[in-house]
Amino acid sequence: MKAVSIKNLVKKLSNLGLESLGNLYTKNNIPKTEQIGELCNVLLSLKGEASSIALAEEIISAYTKFSAEEKTEFFQYLETGIGTDLNTIELAISEFLANRTQDAVQAVHKASESPRLELFRALNMASMGTQALISMRADIINALPSNPGLSVVENDLLDLFRSWFNRGFLEIRRIDWETPAVVLEKLIEYESVHEIMGWPDLRRRLEDDRRCFGFFHPVMPYEPLIFVEVALTNEISSNVSDLIKQEVNKNKNSSYNTAIFYSINNCLKGLRGVSFGNLLIKQVVEQLERENSSIKTYSTLSPLPKFSSWLKTELANINFLGTESKDRIAALLEKPVADQLENSELKKDLLGLCAYYLLKVKSRGKPACPVARFHLGNGATLGKINWLADESENGLNQSAGIMVNYIYDQSTLAHNHERYGQEYAIVCSADVRQLLPA
Amino acid sequence: MKAVSIKNLVKKLSNLGLESLGNLYTKNNIPKTEQIGELCNVLLSLKGEASSIALAEEIISAYTKFSAEEKTEFFQYLETGIGTDLNTIELAISEFLANRTQDAVQAVHKASESPRLELFRALNMASMGTQALISMRADIINALPSNPGLSVVENDLLDLFRSWFNRGFLEIRRIDWETPAVVLEKLIEYESVHEIMGWPDLRRRLEDDRRCFGFFHPVMPYEPLIFVEVALTNEISSNVSDLIKQEVNKNKNSSYNTAIFYSINNCLKGLRGVSFGNLLIKQVVEQLERENSSIKTYSTLSPLPKFSSWLKTELANINFLGTESKDRIAALLEKPVADQLENSELKKDLLGLCAYYLLKVKSRGKPACPVARFHLGNGATLGKINWLADESENGLNQSAGIMVNYIYDQSTLAHNHERYGQEYAIVCSADVRQLLPA
Amino acid sequence: MKAVSIKNLVKKLSNLGLESLGNLYTKNNIPKTEQIGELCNVLLSLKGEASSIALAEEIISAYTKFSAEEKTEFFQYLETGIGTDLNTIELAISEFLANRTQDAVQAVHKASESPRLELFRALNMASMGTQALISMRADIINALPSNPGLSVVENDLLDLFRSWFNRGFLEIRRIDWETPAVVLEKLIEYESVHEIMGWPDLRRRLEDDRRCFGFFHPVMPYEPLIFVEVALTNEISSNVSDLIKQEVNKNKNSSYNTAIFYSINNCLKGLRGVSFGNLLIKQVVEQLERENSSIKTYSTLSPLPKFSSWLKTELANINFLGTESKDRIAALLEKPVADQLENSELKKDLLGLCAYYLLKVKSRGKPACPVARFHLGNGATLGKINWLADESENGLNQSAGIMVNYIYDQSTLAHNHERYGQEYAIVCSADVRQLLPA
Amino acid sequence: MKAVSIKNLVKKLSNLGLESLGNLYTKNNIPKTEQIGELCNVLLSLKGEASSIALAEEIISAYTKFSAEEKTEFFQYLETGIGTDLNTIELAISEFLANRTQDAVQAVHKASESPRLELFRALNMASMGTQALISMRADIINALPSNPGLSVVENDLLDLFRSWFNRGFLEIRRIDWETPAVVLEKLIEYESVHEIMGWPDLRRRLEDDRRCFGFFHPVMPYEPLIFVEVALTNEISSNVSDLIKQEVNKNKNSSYNTAIFYSINNCLKGLRGVSFGNLLIKQVVEQLERENSSIKTYSTLSPLPKFSSWLKTELANINFLGTESKDRIAALLEKPVADQLENSELKKDLLGLCAYYLLKVKSRGKPACPVARFHLGNGATLGKINWLADESENGLNQSAGIMVNYIYDQSTLAHNHERYGQEYAIVCSADVRQLLPA
């Protein structure tokens, strides 16, 4: 934002009837981020009057033109320049300590609310305001490591988003070849589990024997929040590369008995911490059941993103493997190439280690594997561990090419879910249990 | 809800994997409102898991079948049974008092948040959940007079609605004869300023020389939140009855120079306190400007809902009127019929009183007339006071048939708005000022 | 169209680059209908160039302002002023007579095509052109009795409409309370079997236990071409007045076993002769089957619009009734009031006559009753004849209050349809057959 | 279609109540194309009854599975097996020759109508029927060279399509990045003037400084019939390669003064002969004028597809060029590579020849260049001839890289159009005229 556009802003401000304040900002010795910060205070003072919208547009437009440094300065302003009034909160606290009524609690809650929340609500009134706030939070997340103090600002936004992106406001939509290109290109952008290699690959993933569903918020109709990719097949897939490369089944009337959830992706960094995944999977299962009575099995084909790194750290401490085995594994971890996986001893050892990792290795009581935590927490069953299931470089690096099927079985889902909730109990198939080393 | 449906509920609960809790509710000696209340606690404990949706549906479905008494019992449960944990808040407060950081403020804010908010967010996940919560708040508002303690519950809902019904999430939509009937019948239901006498009257208000716009929230596409009715004319209307009865202008190409905002109505009692009106009027002005370059004047034709009742109380204290005048006015207030308004003395006195009421009578510094407060606060100009402008029974009772034009003039709106904001300054035309008694 | 608008037209024409022709029409001694007729010739000469659209708009706009007399003059112009070139057709005929090839047939067909078809296709390019042509044909139908020569013009339009309103271009749409009011008011306007008494009656016919479906053409999204009204019940209704007055079934989850088609109405006079009814009924049956698996019986509750008038003419010739019976019937026909229908002799005689009328009375081999022809032709079964089924004035006048159920049974529909097609065979229930007089 | 599916067909036929006919087709010695042909006769005999739809679906489904040979056999069946009844037409002709009334003309027209038209109308009732008929005509066009007799069938379809694809039934739609991918991929498929090299190239053509519009028919919402590509610029582009490669103008608020129509493509071979192009260009001009008041110039950047081939044939006969010039040109035609175009003598000669070709070379009175015929016929002005304007292989081969700007100027369009219509007058700029050799 150059001097001239500050002038422009002042002019617009004066059109909003805010001359007196506006005049301040012509003094060029005040940094522009601070000026915009001050405008935020003006916005707060307008208390939702109609002119707020125009001012919110100004602020957001100025923000989007900021450099990374300016953004950080602006966030620091938000952190320190727009804080709660300590007097008010102390007053409310005294009142609470005196009589502990619900009214007093409510008063404490109100007094301790960050005015930033009100500011963000005002900014949301601008057109594309919600999108702007989401990318503002993404920017803050990026700035956090070197500015840990910004976490209070980031938390305020998270609070708002949890409320605004309530499942009751979201729509589930099928994504297919009739979907606008502007949405489809986002699948290419956001697919991080199994990269989409351009439009022909994308199109293949949207053919008649595939399904893709996403959650959308009505104010951002072209922005998927999360999406899941499903393959309709006639067996539980054990190899994701094959699944992705598979020829299209041209027989329109063929009936499938299995749905494989092979990829699920959150899209917007700015919505990190607002969870949609468990709801999406269950709703897609329900939708497919309605549409496709022939489908009897719902399974994922899931990665083990932390398996290799766990192995690297813990291999030495594993006491059920001999030196020879460990050396073989260490060599593989060093240089994970598909050729080495031909070795049947290695296969036996690694599958055993994988079963051990999934069933026995815990972090704060829960499975150490984050993907396992997610699906088991949803009530899925750990169904099968697949050897040579993902031969991509990423797959070999992360988990020596191993992938896992988690089964979503409606008849046991709720019960598993409850047991997991109570004691982090893991329900798994006999096949998997047999892989466990003695 | 009969015993049998409790059983049904328990069965459904056990389908959700919640047997252990579910079993509790088969004991018939626990009142059902309390049982549903307990289910609310279960819902809270699920923390947004997929099964929450089904449970939320159950609770809302049970709620809608409650009698008024049961609803009140349920609200009382929400008031007292689902409260903040005082220990947690005390802990957070100690921490805050010890070091007064922003993190500590945020912790206090979080600890003092009513778990009802989380509960309402969970209920919102049910289909039609938002509508259910809105009518829940309307029910609470109705129950408040005899249960003042419920205000904490009502406040919690208001907090949520202020955030959810942020202008950024609303759509402005034109309402006309191509609008679904299910929306149109709501205009008939909610129009309380100038009653719509059935479908032919409604249709007349949606003809080519009329405009109607409303705000809608995307999850309730058939539910206007607020709507405004506008007449396109070639003069500033001074009589609303004429305006409503006026024949349709059949000449499609005629150009209008004036837009009269003759009615604005909030629709949902459950959204009381969430304000949309100022935003709607200004956006409609902008929309009409874009669409209709010939329109130069934007004016309301507004009621004075409290004028007569103010007169009744204060007439005796007015010192600029003689006894004769006061007697005439008192007679009219006693029996407000149109015939009496022929008297030119009465007319002169009442118009003077009305100017006085609008310009001089204040309540906490602001104009006593709520309609004046609204439009002047928006930056409108008090343009004209009209005699014999609303001869309906209601019009005669409320304001002796007088109505007011507030002018929305883009060139002065912002400036007026600011002056009103600073000192409640009222900008009015010379015509109105001349009516003021010496 | 006044002189001044002719001038206007000429000016517009000259904007279209048609000055030379345009000049002709400033001579005021040429009647305006003829002038517009000449413009039609200009339009034809443009052969679909882009300027055709503007000219078509002009002609249609002029037409809509014509008085009834002017319209007839204009039609006469179309009849005589825009005819086939006889030379061309004779040439094509000679060619055909010489060698009888398919090419020659095609040439004869082309040469004998009325240029009016091309004209109407050109007019259709105007916005709302299709609607204008449909109402033009309605106007011609009205003018036909006194201008039988216009039937060639009317036939040309019918030819076009048969092609344009091909079922492949129509959409079936459910009509309910979420339908735009502009469509709903047309139901009130076009319902001629069982009059809709205002909006509350309309709304009742669109409640959860009712269905209404119509065919629409995409260029006229607010204009139903035909619609059918269906009641979901738990028995085959025998009385239409009861059906229409019936309270709404508030229990949303109730399942129905019967669908009663109680009214079907063509909407646009200008589309007379383009038939949609048989297709609509069968598609609605299919749609309800998909949506509502509990419905097992599909039946009409149909009027006998010509029964009384047939009786009046033929009663004397009926030889299976005694004098007393005939006198009773004659008295009723004279003054058809509900009271008289209490007489059980009369009931027996009339039901017998009705069965006789439906099963035995023919017109050119087919049933004399047009409603019977329609439903039996579709393959329906004559299921039941109902006494005191329509006590409206219209019902008493047309058919002494008798109505008929035709059953649409998918398992026999095709077979019945074929038999009717081959020999006008009527499939009827034993109940009806028993009513037949010996 | 194998024996088994014939059986299937017969079974379906018998479900339609058509056993007696169906039985015929179990005899395997009747070729299946003839069997399907016979079914067409059955379809005709149904005269639009509801069962027609199911039968139409069968026929179209069978057709789509035909090999190319079977399709041709089927067309031959349509040519010879479903013809006009000569007796009927002779009778109508006698009647006409006897009294030459309009009724008689109409009767001749009716009698000479090919029953194939009725058949195609019946087939159109199937879902996707219109698409099937369009591709049927494309198949016939492909088969025509070796089966010239099929032209009668092809003509029948063309007749229907001219009526069905009347401009009044088409929608103009903007195509941009929010358009469904299924439509966008058709642009890639159908763009034949300036090939679209994959999705990134497509996306660039749909950015903010580009426009694309197409005509669509409501029954084929994903099938553009014709589309035009427009670039918004600040000068009349003289080089199409630059235009296509140009960087996106990221400044959203920039205003353009020129719209360049650089590509227009018909999409469906089966609609050949149904013209949309002139209407589309003029409507896009109008739409851009409404949307973008800053645009003052509307110009094409058009190819000369036949220039080189004309040169090859006629160069020897040109008398205003010397031998040296002709040799240079002949060498270029032999091997059209961009390097040679550096020669300024060659440039001068070729631009002169091009002006001569456009202004003086005629075919049946009209310009020999088909693109010139199209735009000049629309009333455009021949504005500029551009050297080195299309350096693609195609551009060099067809027209030595030369391209032409035709200017669409609203103020002269109608007048030019009329003059062209009367005497094929070509309106051109002084620049172009100066290029003409003496």
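So that you can tell them apart, the chains are marked A, B, C and D in the order they are listed, and the count of residues begins at 1 in each.
In this text, a contact is a pair of C-beta atoms (placed from the backbone, for glycine too) under 8 Å apart; a residue touches a chain by one contact, two chains touch by 3 or more.
Here the structure is a predicted model, which is why all the values come from computation and not from measurement.
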{"item": "Smallest number of contact steps required from subunit B to reach subunit D", "value": "2"}
{"item": "Any chain that touches subunit C and subunit A", "value": "B, D"}
{"item": "Identity of the chain that, by mean CA position, is farthest from subunit A", "value": "C"}
{"item": "Interface composition of copies subunit B and subunit C: same or different, split at half", "value": "same"}
{"item": "Subunit C onto subunit D, rotation angle from CA fit, given as a multiple of 5 degrees", "value": "180"}
{"item": "A-B or A-D, whichever has more C-beta pairs in contact", "value": "A-B"}
{"item": "Where subunit A and subunit B are represented by their mean Cα positions, the distance between them in whole Å", "value": "37"}
{"item": "Distance from subunit D to subunit A - Cα centre to Cα centre, in angstrom", "value": "48"}
{"item": "Subunit C, residues touching no fewer than two other chains", "value": "none"}
{"item": "Chain-to-chain touches, reported pairwise for every pair that qualifies", "value": "A-B, A-D, B-C, C-D"}
{"item": "Residue ranges of subunit C touching subunit D (in the complex, touch as defined)", "value": "15-18, 48-51, 53, 79, 83-84, 86, 89, 93, 96-97, 100, 102-103, 105-106, 108-109, 112-114, 121, 124-126, 129-130, 151-152, 155-156, 160, 162-164, 166-169, 218-219, 275, 278-279, 281-282, 377-379, 413-418, 421"}
{"item": "Contacting residues of subunit A [partner subunit D, same complex]", "value": "177-182, 184-185, 198-199, 203, 222"}
